[in-house]
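Note that chain A is present in both complexes that follow, paired respectively with chain B and with chain C.
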Partner chain A sequence: MIFNSLPFLLFFTVVFFLYWFVGEKNVKVQNWILLLANCFFYGYASLKMLPVILIATLLFYYIGLKIEHAYDNPDSEQAEKTGSRWTTFGIVIGVGVLLYFKYFNFFIESFISLFSLFGLQSNWHTLHIIMPLGISFFTFRLLAYVLDVNHGKQHAETDFVRFAVYVSFFPCILSGPIDRPQFIKQLGKLRVFRFETAQDAVYQFLWGLFKKVVIADNCASYVDAAWNNIDGSDASTLCLAAFLYAFELYADFSGYSDMAIAVGKGLGLKITDNFRTPFFALNIADFWRRWHISLTQWMTDYVFMPLNLSFRKNGKAGIIMAIIINFLIVGMWHGDSWIFALYGLYHGLLFVPLILSGAFYQMPKIQVYEHLNLPKPKDFGRILLTFLLVTLGFILFRADSLTHFAQYLTSMCKMSLFTMPLVRSALTRTLLFTLIMIVVEWLLRDKPHPFAVQNHPLACRIIYIYVLIFCILEYAGDAQSFIYFQF
Partner chain B sequence: MKRFLLSILVIAGVPMLIALGLYLWTDPFRTLHPFDINDTDATNREYASTELFRRNHSTYHYNAFVFGSSQASGLNTYTWALYLPDSASTFLFQAYAETITGVKQKVEWLDKQNAHIDYSLVLIDIPGFFSNRQYGYEAVSMKHWRLSGEPEWLYHTHEYLNFLQRPSFWWTNIKRTVNGVKEPFDNDTVTNDFFAYNRYHYDVLPPQDSLKNCSEVTRRTFFAEVNNRTEADVKMSKAVINSRMQQILCDIKAVFDKQHTDYHIIITPAYRYVHPYLNTADLEVLQHIFGKERVWDFTTDPQLTSDYNDFFDPVHFGTRLGWYMLQDIYGSTLIEQPKTMEK
Partner chain C sequence: MNRTELLNRLQDIFRQELQDESITLTEETTAEDVNGWTSLTHAQLINNIEDQMNIHFSVREMMGWQNVGEIMDSIERKL
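Right, the complex of A and B next:
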């Protein structure tokens, strides 16, 4: 059940009315409605896998209580040991579930390939494993929970319903954002309907939908055609397709995130941000502060920081090691393929100059000409350079293998780069809409989300709504699944 | 909350009411006003063929039917009639993206109307043909309520929702109603504007314009690629006929048997050009149900698939191929080959 579908519209309408009318005065009823909605949503997508997420939720609920219980008497010597044991158990289970469902076959295949390199044959076989939907997202939520309870950042949740709602919250279960355990706090308070918030949710949802169906789906047609015919395409076409893929990925994923956040807002819940105009990043560190923020933040807190602490005696080399390991994991999080590891490694290496120059921890701000609202040439150059590096990385991300990547890259570096790219139908409008997205996001870059227009005059807002709906109805590309569903 | 719901109601309600008014005024799909064969540009072809049959059957006493999608344009019923006895009166009972369910609905409906189905050709063209979808939701592929049993109001509701979702088509219809300027419902879909229809048999007359949609280079490249495919590809394709579809096929056969119909099931050359190919198991199912002598698989005949000039686009073939197929089926060479293809 994807956001841009009739079943979701019907589902959400029912949930919305039940939530705000039946559960209007009772927080427990609100939470129960959410839990049932989560189960229905997940079961609708993958009924067979519903038990997996339910069992995992029960188990981590129990582990959380055990950790908290262990620290009941913090002065006891046993407290830390017991707490750490339960935490380790939780991590092993969480990572184990992820490794089994997502990476088991990948490791077996890799070992078989490795053995065959040395002329050895193995009797190992891959298993027929069905990966539960959203596994990368809900396991990260569970892991964050046990780690935060262990570090005392979060109390173990005693109310199972609240905990289960946090783990399986339907807007975020399939493609994030990856909310942190602090989300649970919101579930302890009665949510009150606010007109302004709901109105803002409508704008954000429409903007997300526009990005998905008008920009991402239209870009996808051009990009897929180019990737399906690398040898037969001009370098200029491949180059344009590479840029369009960057926009497709962004519009697809950030469009989903915007819709998820908007749905959360509609239910009076704040979901963490996932994107903050990443294509205006001034360097690669800045890019990752703006791109898939919930994952980056998760990795920073639970992987990079501990690693950095362990390697601190090695100075800058230690930071480089920590960042490269961190990004290898980020890459592999995306899927069971070495190409994702390379994608992670590529981004990790892009950080090296920043670490060496000491710019790694800086938070750069775009210098603009106030009267023109345009970036100064130096910053514009930095934005462009970052975008080019990121786009190159996305070619790696899109490729099926290193050979595929190399084929694309070499085909892109030919004399035909200076010819006109192939103009397919809908290309002009795709480029136009992409440009509109960039301009809108540039103009509203400092707002809470890329289409926060609630302060604009009413007439303008009504026009925005109708224009967006018109474009969504008239210029939608061929329906494509959300790219991040596969992760 | 009330304020929010009211805002949503007003914002959504205004265009919905405007669309409703326009839908009733302009009758965009030509289903509200009495049927007119000369005015069917945005109508779905199943609706048009059903209505044409209803209007003409008492005059022409149709008893020979071709069931299929737009590919049936390659099987000229005039040519087919030459292979049939003089008593045959042909009719092209086609639908956009026809399915087995659609064919079943049609033969059963004809049977209920006490129409004689003495001769029939059933064209299997695209993998989507094997579908047990009872209704359609796109304006061009909706199943006529008379055939599907769907309530008429629901049919019009789906039509209205289709109209509502295409704001640019609102304007098109206003222009059409006011000035008589015709434009197709959806530029991406071959609509009736590209065809001219014979008003007696619903035969498709040369779709000249559709050629413009697919250049020679595109067709040549596509068919070169297709002709490199091997039989192994066919075997690797997934079987699509499940037990429910087998039952539907049996239901079609039951009507044909009851009517003592001389029928042929034709898997057109174009099937090969669309993924997935017809699986061998599917062919065996068809042969098992209808009998080997009635199932004609033209997907692997090189004579029919070697020349891209015989195709308007990857799935629509011309009458020359239709003629070849009829020759094979009826084993006669008496009928002269069409001299030119429609191009």
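Right, the complex of A and C next:
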């Protein structure tokens, strides 16, 4: 049940009215409605896998309580030992579930290939494993919970309903953002309907929907055609398709995130941000502070930080090691293929010059000409360079294998690069809408979200809504699934 | 070293490492309150504290700190 579908519209309408009318005065009723909605939403998508998420939720609820209980022991050494043991158990289960469902066959296939490389036969077989939807997202929520409880950053949740709502919150279960356990705190308070928040949610939802169906889905047609015929395409067409893929991925994933956040807002809940105009990043470190923020922050807190602290005596070499390992995991998080590991390694290596020069520690701010509201040439150059490096990485991300990547890259470096790219139907309007997206997000780059227009005059807001709905109905591309559902 | 002296010592290390003389620490100060104290500079700060005070922290200990006061508690246990 995707956001841009009739079943979701019906589902959300029912949830919305029950939540605000039946649960208006009782926080417990609100939470129960959310839990039932989560179960229905997940069961509708994958009924067979509903028990997996339910059992995992029950188990981690219990582990959380055991960790907290362990620290009640007045003997601090014993308390730490027991708490750590339960935390390790939770990590093993969480990572184990993820490895089994997502990576088991990948490891078996990799071992078989490795053995055959040395002329050895192996009688290992892959298994027919169905991956539960959203597994990368809900396991990360569960892992963050046990780690935070162990570090004393979060109290173990005693109310099972609240905990289960956090793990399975339907707007975020299939594709994030990955909320942290602090989200649970909101579930302890009665949510009150606020018209301004709901209005803001509508603007953000429509903007997300516009990005998904008008930009991402239209870009997808051009991109897919180019990738399906690499040898028969001009270098200029492949080059244009590479740029369009960067915009497709962004519009698809940030569009989904905007819609998820808006749905959360509609229910009076704040979901963590996932994107902050990443294509205006000044370097690769800045890019990762703006792209898939909830994953980057998760990885920073639970992978990079412990590694960086462990390697602290090794100076810059230690930071480089921590970054490379961190990004290898970020890459592999996306899927069971070595190409994703390479994607992660590529980004990790892009950090090396920043670490060596010290730029890694700076939080750069774009220098603009105030009267023109345009970036200064030096920063414009940095934005452009970062965008080019990111786009190159996305070719790796989109390829099925290293050979596929090499084929695309070499086909892009031909004399036909200087010819006109192939103009397919809808290309002009795709480029125009992409340009509109860039301009709007540039103008609203300091706002809480990319379409925060609630302070604009009412007449303007009515026009925005009308234009967005018109474009969505009139110029939507062929319906495509959300790219990040596969992860 | 009493608690105030320890806090002043930490403040000097923070000022030196983050190159900002305006930093003023209290026991309640968190990373959000200090400009430049980020997940990236944290390891360098800790390394500096360890070197100057000749102590060693475990990763678990460091991951649990919520504010400057908790760093001071860990240091006091080791001095």
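Basically, the second predicted complex is superposed on the first by the 484 of 487 C-alpha atoms of A that agree within 3 Å, B and C clash if a C-alpha of one lies under 4 Å from a C-alpha of the other, contacts with A are read in each partner's own complex, and residues count from 1 in each chain.
Following the convention adopted for this analysis, a contact is a pair of C-beta atoms (placed from the backbone, for glycine too) under 8 Å apart; a residue touches a chain by one contact, two chains touch by 3 or more.
Remember, predicted model here, so these are calculated numbers, not experimental data.
By the document's definition of touching, of the two partners only chain C reaches A:Ser310; chain B does not. Once chain A of one complex is fitted onto chain A of the other, the partner contacts of A:Ile462 are limited to chain B, with no touch recorded for chain C.
In the superposed pair of complexes, A:Phe193 makes contact with chain B only, with no contact to chain C. Greater residue coverage of chain A by touch, when chain B is weighed against chain C, goes to C.
Contacts of A:Trp20 after superposition: chain B is touched, whereas chain C is not reached.
In the superposition on chain A, A:Ser84 makes contact with chain C only, while chain B stays out of contact range. When both complexes are overlaid on chain A, the residue A:Phe360 reaches chain C alone and has no touch with chain B. In the superposition on chain A, A:Glu474 makes contact with chain B only, not with chain C.
In the superposition on chain A, A:Tyr369 makes contact with neither chain B nor chain C. With both structures placed on the common chain, the touch criterion links A:Gly152 to chain C but leaves chain B unconnected.
Touched by chain B in one complex and by chain C in the other is not one residue of chain A.
Every residue of chain C that touches chain A in the complex is listed here, in rising order: 36, 38-44, 46-47, 59-60, 62-64, 66.
Those residues of chain A that touch chain C in the shared complex are 80, 84, 151-153, 300-301, 304-306, 308-313, 318-319, 360-361, 363.
Chain A meets chain B in the complex at residues 20, 193, 195, 198-199, 202, 462, 465-466, 469-470, 473-474.
Contact residues of chain B toward chain A in the complex are 1, 3-4, 7-8, 11, 15, 165-168.
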